[in-house]
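As structure tokens, here come the structures.
Two complexes, one shared chain (subunit A), two partners (subunit B, subunit C).
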Partner chain A sequence: MADEDDKRKGEIPTAPGAPPKLGRRDLLMGLSTVPALGLFGYAWSRQQQYRRGRAAAAAATPAAAADLQEINVALLGAGAQGQVLMEAMLRIPGVRFRAVCDIWTEYNLRRVVNTLKRFKQEPNGYADYREMLDKEKELDAVIVATPDFWHAQHTSAALKAGKHVYCEKEMSNTLEGARSMVLAQRETGKLLQIGHQRRSNPRYLHCYHKLLGEAKLLGRIVTVNGQWNRAVAPDLGAPDRYAIPEATLKQYGFKDMHQFRNWRWYKGLGGGPIVDLGSHQIDIYNWFLGAPPSGVMASGGLLYHDPKTHEWHDTVMVVYDYDTPAGPAKAYYQTQTTNGSQGYYESFMGDQGTLIISESELNYAGQLYRDPNAPAWDDWIQKRYVSAPKEQEAKEQSESGAVADVRESVAPDQHTVPVSLRDPYHQPHLQNFFDAIRGKAALNCPAEIGYESAVSVLKVNDAIDAKCRLPFKPEDFKV
Partner chain B sequence: MRADTPDLDGGIGLAGPRELGDLRRFSHEAMNTVFEVYAANADAHYAAQAAQAAFALVDRLEGELSRFRPNSDISRINHLTPGESARVGEAALECLLIARHLYDLTDGAFDVAIGTGLPSLEIDADTFLIRATGDGVLVDLGGIGKGYAVDLMAELLEDWGLDRAFVHAGFSSALALESPADCDGWPLTLSDPAERSRVLARLSMRQTALSASGVRKGDHILDPRTGTPVRGRQAAWVALPRPGAATPAGHGLRLAPAAVADALTTAFMVLRVEESAALCARSPGLEAWLLPDGASPGTAELIHFSGPAIAPAIDARETRDSGP
Partner chain C sequence: MEATTFERAPMIAITALRVLVGWHFLYEGLTKLTAPSWTAAGYLKQAKGPLAESFRWLTTRPDLLANADLITMWGLTIVGVCLILGLFTRLASLAGIGFILLFYLAAPPFIGYFYAIPSEGSYLIINKNLVELSALVVILLTRSGRFAGIDRIVHVVIRRRRPQLAGA
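Let's turn to the complex of A and B:
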């Protein structure tokens, strides 16, 4: 896997120094100093200008956090999600990649190791996680981003090897698996963060602590609505030349390359869209309502996709009952994979206002509506908890003399949540994990919370089969 | 070229795709335009999966490179206070390094830092840290990002074994890989932005990036060096062969011809004709076409420049990081 990188680094031509700033005359005379490197010269002269600039402005930069305790991490699972986490971690100071493990050695593993090398990291590559845990004695933490049905085994093995673990959601595809992870965490005393990254997102934290907690802007939340809709997409494929040998696939629990790439759709491996997508948002229902659900009914099915390659439901609609500290509530959730209309969001409706929120910085990035009869929000606007309201067309009309139509209620004031994220979506949750390792923070989604979410979400597939309401007992959420 | 203006018809055309025989076309909206993959002589299902992977790559790049995404690398740079640094990913770093090189090559006629100028950023390629030296930095990769995405899509398609392919972003940034079977090259056209049906040139290309910039009626382009609107130019096209086997690989950085061509067309809209000619004259393999303002619409004649010849690109894959 080093050959690619060596090739790129090989044959560096002697760079004749940084191209000097050119004057108009030089241009007309023909840019005489640059063409030795040609149009692709950036590839060779990349650091010249910077070093010259830094030397000139010697004293300027504050020293990079030199006293930061470096954390040695391994990435276990280097597929699409592993790469998302890697990208976020590369932007966090004080993280050192020591190892990467993936059974797709010719593709995922090579790609990720090569990328990390370009970031001056020198990770060792592994196909087998046991070998990695045996050999990499310096590791502080393991980031688990393998398919759901491997989470329990990978997480427990890493915890028992004395490592802290960040494990992607869903915690496991089975309750037994999820429970074993909670127990392994307790037994080892190591940290286990579950990857419900919205729990560390500054906008969600602001809504939870300030808007719902302190200001109680929504009043009593009685209903919740949310969705994640996705347009039809072809199954994931793989470049023919990098197909994993059949024996290796079998060894790690996959029937073939198609199943390896599309494990989320298969029973025994993943949980379908309700688990992949719903899990993130149903976790927020529990968090914001202050309780796990007390019952669930659901309808779902494979309405569109090919049953030969899709075992789980492509369409799911769920209603949860909640007994919240403030009183009973009901929450609807839908996910479907045939039409991406309105994407994903969660909407919390109280007797004094509504909050529509999503992780996206582009859509539903935090809208608030105040009920016309609710107490004024002026203080909260002044404290910058919420933005000033957007003028409503209906109001303007009535002020300009148009007759108000009594059959329609007055449109509520629309505000926004004035908090956004400047970093990749997963970065704050990973940062919280590393802060916890350094003893500077508590985990935002420890094993017990991940377990509550897993219990809430995995039961949906049971409820679809049962075709009736399934109750939750409080002890269902405890290990 | 501006990221907030939809640009769906950039002035490059694919002539008679129906006559090219066994051809599959896949489309995807991203970066405020439509990306397309044409795959020749490929299995339909396999090509669809490859195109989907290429489009997923474009979406990821948009998330990192768009100044309209509040949490992109570029947005983080645009919110730096003087002396502050942002750590960026590989894509943003490569685009900025290419942009800086083209800024130097064109005497600032290509500048991704609107207003303050690119020298207001320090780029540390070792640590991936970008430092702002002044206030008000506003980076917009609209003149290079689509080309960069096209370069990476082409690499991905080759990785999938789809060598006979043509990729473009809104027909303003394109890359021809190997030609369809029984063709010498992909049949491409350059057309008049004022009158799209008027074909100005017909080209046959393989292993070449082709980029276009143009203004339509009412549009204008600002010269970043003076801040005043450019006059006298309707459109510019640049063709740049993919680096061949004779080109040494670059110091851990991708050789990205579509990104370079993308930036050059922007510069050639701004540079004077003789300045563009001078840059062409010393850039092996580079070809450029300029369309000056005509006396009346649809009458301007193309001006064509060619750089010195280079050895034909035999197998570009040998030197690029074509593997994963």
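Let's turn to the complex of A and C:
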């Protein structure tokens, strides 16, 4: 009877004075929730399968085709940007990491090598890029994500070692450096892709080829406006116990650990926010307008940050002149690092419409406005080049009750660009680079294009110092 | 020698609760572990409440942040497995309570706080983090692992080999 009670209450039975036995019931009850773990495993594997299927369907090229030529890559520079690129590359089939190089061996290098090992990659770690290029004979390509002032040396060395190179923008912090990269590329005949990744973004490509090129929806673009507003961010720190030895820092051109971590703010190392942020968008100005600028005026300064640790301008406002194939245009750009509201975007305004676009999938992900006087866009809506206009209720009064002036322009129709990117932002540009290595595509941002952007952007800092309009000559953009 | 008795129906319910909470922990941990560069930095930068400054400071220290990321990813995963299996249930519950308390304190739904990231419900002081935390308190106090879980086997084995530890 006592035994029956035990069973009913789930009791662990014990006999007085005797050690308990591991009964069948204990085993059954003890293992009773193990199937739940099995069920979880099953659900997890189904979900992973589903995700892989979706990623493969969304990928530009079919995943893991049997004849896919495997590309051996090295990551040179394993900091924040290097890790962004690594994450994107891990999603691209047929890429094998053979080496990672970073002078911060105790932190960046270790972190990235360990991460790659989790993804069944077996890269060798190096602190010295020359040793890496010397030893890693099987490399096909090097991904350069080091600070700007190292780009020229790292890229040229890798090209001369017979490797294709993907180099992060800005191409270099000096024009001489950028020019030497173009020359090294020509001399070696290897591929050099510059990391202006919007050039491979499907939304930007759709806008360039279809909306501006084929449909000419904006008409003649006369003004451009863009910005990258970023909120105040604390300086990047580094733990004392992981600090790079002073001699090593000096060997690689850094005064101390603070400068190593915050190199973008230092003259001679980076170019400040106009180069870090503006470079991406001014490159789009050149691309969409079909010409590099013909002149630049700029104002900027270090208005907020501590000059002891921030040498470059934290606030910059620029006006470019363009002589586009369609006629003259003006382009405004601002970047500031004290307020992040309204983020980043580029706005192209033509006599028939406006395009507001950004790399972000969350904000300004492709808005179009048709001027009321422009020809109808119905054909392009039917072709799915643009979305149907957003329905707007006729408003005779504003929300506050104020009556609109009759001379105000009629509100333009609002459309959206029906193209989005589900992958990490850098993935299509890296994919384009690997496709080009396989001979299946042309580079979307070869060295000459990167050089044009570098010339356009680096001159802004000169214009701020000159306090006057600086002209560009067509030959400035040629190497 | 004490006899451990359980009321069957409530214990089955609590065991089911334990498995569900464990499932959630395990999935949260695994999704972070399998994302190549997952980091809590974004979440911590949005922190509000009494510990906001500390959480934000953490994001500026890469070594500490890396450790926090690692502890979170593996911690959630291990706690999840332990809760599902009923293995070291009390320790796992305690660790789970610690994790959730930190998540709650990083983004507490206090009066006057507004978050840009929309939540899936509407909360005033109490949110689902706190409810899950309370579930773990119940699991901690009721020793559900010794009712249905590997702890039951472990407990019997320990009692056989080290009777003096049995009460621990």
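General observations
The rule is simple: the second predicted complex is superposed on the first by the 404 of 479 C-alpha atoms of A that agree within 3 Å, B and C clash if a C-alpha of one lies under 4 Å from a C-alpha of the other, contacts with A are read in each partner's own complex, and residues count from 1 in each chain.
Convention: contacts are C-beta pairs under 8 Å (C-beta built on N, C-alpha and C of every residue); 3 or more make two chains touch, one makes a residue touch a chain.
Here the structure is a predicted model, which means the values were calculated and not measured.
Once chain A of one complex is fitted onto chain A of the other, the partner contacts of A:Val232 are absent, as it touches neither subunit B nor subunit C. Once the two complexes are laid over each other on the shared chain, residue contacts for A:Ala411 go to neither subunit B nor subunit C. Look at A:Ala466: by the touch rule set out above, it reaches neither subunit B nor subunit C. When both complexes are overlaid on chain A, the residue A:Tyr425 reaches subunit B alone and has no touch with subunit C.
In the superposition on chain A, A:Glu361 contacts subunit B only, with no contact to subunit C. When the two complexes are overlaid on their common chain A, residue A:Ala442 makes contact with neither subunit B nor subunit C. For subunit A, the partner with contacts to more residues, out of subunit B and subunit C, is B. For the contact definition in use here, the residues of subunit A common to its subunit B contact set and its subunit C contact set are 8-13, 19, 21-22, 26-27, 29-31, 34, 40, 44, 87, 90, 107, 111, 115, 119, 234-239, 241-242. By the touch criterion stated above, subunit C contacts subunit A in their complex at residues 1-8, 11, 15, 18-19, 22-23, 26-27, 30, 36-37, 60-64, 66, 81, 84-86, 146-153, 155-157, 159-160, 163. By the touch criterion stated above, subunit A contacts subunit B in their complex at residues 4-5, 7-13, 19, 21-24, 26-31, 34-35, 38-47, 49-50, 53-54, 57, 60-62, 64, 80, 87, 90-91, 93, 106-108, 110-111, 114-115, 118-120, 233-242, 361-362, 365, 420-425. Considering their complex, residues 45-46, 48-50, 52-53, 56, 63-64, 69-71, 75-76, 79, 83, 85, 87-90, 97-98, 100-102, 104-107, 122-128, 131, 133, 159-161, 240, 243, 247-255, 257, 260, 264, 271, 274-275, 278-279, 281-284, 286, 319, 321, 323-324 of subunit B touch subunit A. Residue ranges on subunit A touching subunit C, taken from their complex, read 8-14, 16-17, 19-22, 26-27, 29-34, 36-37, 40, 44, 83-84, 86-87, 90, 107, 111, 115, 119, 234-239, 241-242.
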